[in-house]
Amino acid sequence: MDILQILFWILTVMAIGCALGVVLSRNPVNSVIFLILTFFAISGHYLLLNAQFLAIVNIIVYAGAIMVLFLFVIMLMNLNADTEPQKSWLVQLAGVVSGGTLFLVIIAAISKANLLGVISPEVSSIGLIKVLGMVLFKEYVLPFEISSVLFLSAMIGAIVIGKKDME
Amino acid sequence: MILVLLILIPFLVAIVSFLAKGAAKNIAMFGSLISLAISVYVASFCGTEQTAAIAFPWMPAIGAQFSLSADGMASMLCLLTGIIFPVVLLLTRNKEIESPASYYGLILLSQAGLMGVFLASDALLFYFFWELALIPVYFLCSRWGGERRIAVTFKFFVYTFVGSLMMLAALIYLSMQTNGVNAMSWQNIIAAGKSLPLGQQHIVFWLLFVAFAIKMPIFPFHTWQPDAYEQAPTPITIILSALMVKMGLYAVLRWLIPVLPEATLYWSDTIMTLSIIGIVYASLVAMVQTNVKRLVAYSSIAHMGLMCAAAFSGTELAHHGLLVQMFNHGINIAGMWVIVSMVEQRYGTQEFKKMGGLASTAPGIAIALVIISFANIALPLTNGFVGEFMLFSGIFQGASTYHIVFMSVAGIGIILGAVYTLSMVQKVAYGENNSGVLAVAKMSTAEMVAVIVLLAFIIALGVFPQPLLDLVLLP
Amino acid sequence: MPIQYYLFLSLALFCIGIMGALMRRNAIIIFMSIELMLNAVNLLLAAFSKMYNDSAAQIFVFFIMVVAAAEVAVGLAIIVMVYRKVHSVDVNILNRLKH
Amino acid sequence: MKAIIAATVLGIIMMYAGFVVKEKKTILSIATLLFVVLLGVNIWELTSSKLGVTEPWFNFQLVVSPFSIWFNTLMTAATLLYVLLMGNDIIKVGKHVGEYFALFFFILVGVFLLSSFNNMLLMFIGIEILSIPQYILAGSDKRNLKSSEASLKYFLMGAFSTGILLMGITLIYGATGEFNISKFSFMQMEHVNPLVLTGVLFLIISYAFKVSAAPMHFWTPDVYDGSPTPFTAFMATVAKAAAFVGFIRLFHTSFASISGSWSMVLAIITAATLFVGNITAVFQQSVKRMLAYSSIAQAGFMLLAVVSVSALAWQGLIVYSVAYTIATLGMFAVLLKLKDFTFDGFNGLAKKEPLLAFVTTIFIFSLAGIPLTAGFMAKYMMLQAAMSQGNLMWLVIFALLMAAISAYYYFRVIIAMYFKTGDPELNSEVSGMDKFLLVLTAILIIIIGVAPQLLLPAGI
Amino acid sequence: MIQLAYLIPLFPLIGFLINGLGWKSMPKQAAGFLASLMMLVSFGLSLAIFFEVKAGASETIHLFNFIQSGKLLIPFAFKIDALSSLFLLIITGVGFLIHVYSTSYMHDDEGVVKYFAYLNLFVFSMLLLVMGANYLIMFIGWEGVGLCSYLLIGFWFKNRDYTNAAKKAFVMNRIGDLGFLVGMMLVLYHFGTLSYSDLFGQIGSNESTVGNGVYTWIAICFFIGAMGKSAQLPLYTWLPDAMAGPTPVSALIHAATMVTAGIYMIARSSVIYNQSEFALNVIAIVGLLTAIVAASIAIKQYDIKKVLAYSTVSQLGFMFLAIGCGAYTTAVFHVMTHAFFKALLFLGSGSVIHAMGGEQDIRSMGGLGKKMRITQITFLIGCVAIAGIPPFAGFFSKDEILAAAFAHNPVLYFAALAAALMTAFYMFRLYFLTFSGKFRGTHEQEHHLHESPAAMTFPLIVLAILATVAGFVGLPEVFSEHHALNEFLSTAVNNFGVHHMEHSTEFMLMGLSVGLVSVMIVFAYLRTKTPNFQTNTGLAKVLEHKWYVDELYDAIVVNPLVKFSGFLDRIIERKGIDGGVNGVGKMVRWGADRMRLLQNGQVGAYLFTMVIGIVLIFVIGLFCVNF
């Protein structure tokens, strides 16, 4: 088996492991770290799927911006393992079971599908910024514009929610 | 056009009396008299072009029209409505009720609804008026009724509401069998019903029948009725028992039997059995009632059972007799309630053990009571007899295998009817006065008028029923 | 390699995210688990875009990130607001609204 | 399209107005004015649109049909009515009045998108634009912990459902290689592709969350109860109607061909929703919370439209949305007049404020589906639509029984107002303007009740 | 003249309307006078018409269509023929006398106007009954007389027992009426008409395809009606209680006219009955049993009116026996004679009660003969007549019945004879206890004793004369070639298989009965010479308590019914049906209370439930729906 497959498996294991780490680690900070690692692993997958742009954006936006924000908030509230509220093991088990059941059910359903699609190893150009730019600004310009509204409202939200107003 | 007036006038007068504060009483009386006049006109010109059917486009989207028509049955019931409402208003003529404006307004509103129910020849319109007649009565009962009024009336409302929703489902279902144009008109509904395969007819039949059975009410859907009658203010009880229950019968005759002939044939034995069980059952229960209003309520259930059985017996004679009996029962039961309300006002109770001696304290009322009671048990030469005779012979000649059994068992109702009615008369009118009320007022003029009008109908139609017999069969 | 692999992988991540949401009481962690779900979706989309050799899916991923960022902004603001009031991010102590 | 642009621009203007103007009343009047303008734009678009012609925008990202324009117009009008009815209460909620109104404009953008998207990306963005401002509005009363709690709950669960939505979209894409909802092809061999089916179920679930259908309804009572009452009114009406339009648009345009494989599931969800909503509402003590549950119940009725794939369903949905919106807005407007939101708070209202009691009666009738009110016609058309699917008779009967139960809890209000004695405290004197508007609302309900075709112009 | 027959019921109706509507303002004497006048007029008319009919006229007078529906046409029409005209005569004649009697008997009752109104109404209905040209009109009258009897029994409505008696009478009649109604239904169903002429025409003509069973059913149903009205077993118990009413009422309604309506009806329907020998046998047996049972009860009664009541029941039994033997005319004959002497006896007893100041118990009477001569003599004539001593009226009619019975079946004859002997015994027991011997009442009663005024004695005398001579209209063939009454009635009624027997046997039977009767009278005299009223034991006690029939009915019918109704009301109605309805509501509220708890405010729980829901949806959607 070739290098790509080896990489795939490494990244997969890393992703899942870190994801579990996010969920299981007592200390919120660790969770954040694990999540960032997960993102790195996913970015690696992006590279394998030659979505270079996404890989970068993922690192910058998610691992960079968003996660830092999370980390910042956690620090602000200085949460740590002892402040972390714990659910009873029973509830946790129930959570695992139900999540697992969902997974199994969906897998069982999907496995019936005979997907002929194969991720071919050869390099394609779809992930290039140039191509994406063309698509984005030709086909998807409307969503692009509209999403500004989303940001506006998010901004307003930050103001309305964030600012104290004790009248 | 005159038909529209029949609905419009009570409606408008209702609005007016809502706004009018003190004058509501007279306005309402005035309005009801006008609509009486119109209904008399309609009845007398029934079948001519003066009372021709009318139809305006209304909701083309769902094939509903605003279409009214009055055949003999409809105009007879409109006439009954026209007669009953002035009587109802007369009862409270000398009484001061709180917030009269809304009281009289609601009463007339329900009159508009009733007229509409009887005149509508479009399914959706029919349903609208069906509810329009119900809602004001709901308010009247819960606002001016007895001490358990709220719970009881609410039960009554929800019960009938369930029924009408069932009916709605059935009507929609039927209307969807036709092509969109005026899908809701009576003719189309009938065509649709006839076209249905039997399997679906069964579903639709029961949806409709349950709705109407609750309204009539037919055993075992009747339990809302005694409570409602007991708790409602007696004038409203008159509207309920003289007119509202007729809505159920009318609906059966107009919207069920012609629409689903096969299913009707299929289920007629079942329903006749139910009705006739109802007759005997209600009569037996009536025998042990200690409350005069409950007793009359159960007697009414028994009568409705007989009429419903006749409706499903499928003979011309029974059908004819039923139409006659609808009118006569309306008059009799109204008379009964008028008496009950007078007694209630004077003795201040509904319990038998606190009554008695009316014949010596207020002989006039007692005489009226006796006459109406005998009309109620269908003594010949009172109006009750003609209808019931035709009902019985109709049921007897029915096509059903068990027609003789049905008739004979229903006949037991005659005996039991005599038992509970006479014991009521005995407890109310005879014996000593146990009420502790010493000065029992004589009949006031208003009450006198009401009673005399009803008695006049009772005797006149008992001796010479032919005009009524002819009216109800007009096309 | 077959697409199923990516399918299973991302579904696994997705369900791990769901488990996280179910298992933790810390609002922030729950939120993070949800972010994990989103990333699972992103991964799957990228895989499909490769499969179909269609860049639209990658654009979609891009937009998901955009929206996620916006959501995070609002979400963290809300969490902070709550924290200001009750000095905790435990979702279970917030049950004044019930029944 | 014009409407979307207008809404965005007006929203921004509103925002700046909020920064500049400090006087709340002025902001309110500005907002009212801008909403009138938006309504005007909508009507302009309506009149300029050719009958029955759908025009695509940005190579089929957006397909504006007369239906969507008509729906947008109605929703804008409803929002205007809402602002007129409750403006004075909105500006009492918090400091950032301008921002609130701006958010309403942005929500409307989301509404417009949901009524006319043709691409799942836009649908996704539309839903988010619809949701995020709602998270904010829910939490906007910062003096009140309940509001914050509502906001957090709404946000967490909303984000969760977003993830599910995205997974659904992804799976559909994986099966079809398309985001354009009019270009799907689901079949593999003679079977529906399981991938598609899974995706559809994910979509159903996420939409079920947005329209608060069981078992995704849990956020509804808490959020509606906790949020500032005026905003609850908006969330429960316009926002919900929009979610429904998105729902029906997606499922009836793209998944109609495979309706056999999802309509049963949706029917079960509908039944569950009706059951949960109606049954749970019976025992509530607070009218506000009762309305929250009743909105679940009403959602159950609206779901009938989605279940039954037919032209009747679209018309029915329009009528139902409008009827339900107006009646609910009216109820909330009345509720805001009262200090005490419990049923006992209504005791004896008929004595004190006969007019208020009367209009409330009409709103209640409409919600309960009593004839001569809009609510009846709405329910009627829903049942008609459902019956047009031959195999849903059981659902119809069930819905009717539930409707009877709904009468049970709605009429508790009437009983309290008319048949119980008490002295309800009012927040403020009911001004003539309020009365006028309430009566207007009631009259609207009656008009729609006797002539629903007014809501169904030809060619939509 | 005969076309004016509709005037006959009209006058009593007028009297009723005037008295009834003017019940407040009418002066007492005027009321009585008016009522009696109306009766007199009708009597005159009836007399005239009677002679026309005797001359062979007969007429159907059509007033208007009562009910017309489809094929069914029921006219409001009168039929005047021999039978009805005879009854008209009896009703109006006896009625008139009793009105006159009442004017004095009731003069100090405050309800006298009402009383006469009722009385006139009764006569009106009775006339409808006999004049009607179809069964429906008969039924109208039938129910009408029932109503009047109800009103008059409960005339003194303050007394609970009286009103109970009235109720009992009406309800028992209703039971019979149901039979009558079903009979009518059957007739209508099979023949499509209720009018006598059409119906009998159809039956007479051979093309009627109706089976014999139907005739039996119709006959039995009608007879059930007759049982109620004419107080036959098992529906006779109301008649003794009916004595609660004023005595003239008992005389008119419960002796002379109303109770004989059953005989009239069956005589009227003789055509039907002749089709069913079975029905006739049933009637014969029921009649005979009634005669014996009632007579046996009468032996031990102490209430003067009760004795007469039971004797009426027993005499009615005789009449039905005659009908059962197919001798309708004989029955009618006995109706007539019975009307005279029983009315006489009742009025006599009324006069006695009047004299005794309301006392009715014969144990405290005795020796009244000295004080009230006319009453005594007339009463004696009545007793002799009913006991069947020639040449008094009772002898001929009763002897004819016995003869018919013998001809039919000797067993019947001897049973009937026994009843006749008992009759003779209790009547004379009554007579001796009342009029002979010495007074047993209190002193003020004795002081109060007096002969009644002329208005009361006059009817007594008239009736006494009638009771004496009326028998001769029906002289048997053995005395005269032709039987006047039979010939008169033969146009309306046709007897069924009456076999004639040799004169020798007939004379033998007469001699036997007369002999035994006289023995009985002597026996009664001896038994009452030294009256001792110690408490009875054994059979006597059973007789005194009327065979405990009332108790029996209470035990097996009334009480169970009341208990059952109570059960229905309390358990089935309130707990069962209503409870079920409320139960649904309760269930909803209960469910609501539980459902609320699902909403426990915990985001974690919500998410968890949602995931469970999602799993379920997937399971349903992916594995239960086939795609």
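General observations
Order of writing sets the chain letters: A, B, C, D and E. Residues in each chain are counted from 1.
The rule is simple: contacts are C-beta pairs under 8 Å (C-beta built on N, C-alpha and C of every residue); 3 or more make two chains touch, one makes a residue touch a chain.
The chain list, named the UniProt way, goes like this: C = NADH-quinone oxidoreductase subunit K.
Predicted model only: the values in this text are computed from it and were never measured.
The chains touching chain A as well as chain E are C, D. Distances between chain centres, each the mean of the C-alpha atoms, put E farthest from chain A.
In terms of C-beta pairs in contact, the better-connected of the chain pairs D-E and A-C is A-C. Nearest to the global CA centroid, when each chain is reduced to the mean of its CA atoms, is chain B. Ranked by distance of CA centroids from chain D, the top chain is E.
Separating the CA-averaged centres of chain B and chain C is a span of 65 Å.
Taking each chain's centre as the average of its CA atoms, chain B and chain E sit 37 Å apart. Note: centroid distance chain A to chain B, computed from Cα atoms, is 71 Å. Chain centres here are Cα averages; for chain A and chain D they lie 32 Å apart. In chain D, 121, 125, 128, 132, 135-136, 139, 142, 151-153, 156, 160, 164, 174, 194, 197-198, 221-222, 408 are the positions where the chain touches two or more neighbouring chains simultaneously.
Multi-chain contact residues of chain E (touching two or more other chains) are listed as 585, 596, 599, 601, 603-604, 607-608, 611-612, 614, 618, 622.
In chain B, the positions touching at least two other chains are 158. Chain pairs that touch one another are A-C, A-D, A-E, B-D, B-E, C-D, C-E, D-E.
The part of chain B that touches chain D in the complex is made up of residues 58-62, 124, 127-128, 131-132, 135, 139, 142-143, 149-150, 154, 157-158, 161-162, 165-166, 168-169, 172-173, 176, 203.
Those residues of chain C that touch chain A in the shared complex are 1-9, 11-13, 15-20, 22-26, 28-29, 31-33, 35-36, 39, 42-43, 46-56, 58-59, 61-63, 65-74, 76-81, 83-84, 88-90, 92.
Residues of chain A touching chain C in their complex: 4-5, 8, 12, 15-16, 19-20, 22-23, 28, 31-32, 35, 38-39, 42, 45-46, 49-51, 53-54, 57-58, 61-62, 65-66, 69-70, 73-74, 76-77, 79, 84-87, 91-92, 94-96, 98-100, 102-103, 106-107, 110-111, 115, 117-120, 124, 126-127, 131-132, 135-136, 139-140, 143, 147, 150-151, 153-155, 157-158, 161-162, 164. By the touch rule above, chain C contacts chain D in their complex via residues 3, 7, 14, 17, 21, 27, 30-31, 34, 37-38, 40-41, 44-45, 48, 51-52, 54, 56-57, 59-60, 63-64, 67, 70-71, 74-75, 78-79, 81-82, 85-86, 91, 94, 96-98. Partner chain D is touched in their complex by these residues of chain E: 585, 588-589, 591-593, 595-596, 598-599, 601, 603, 606-607, 609-610, 612-614, 616-618, 620-622, 624-625, 627.
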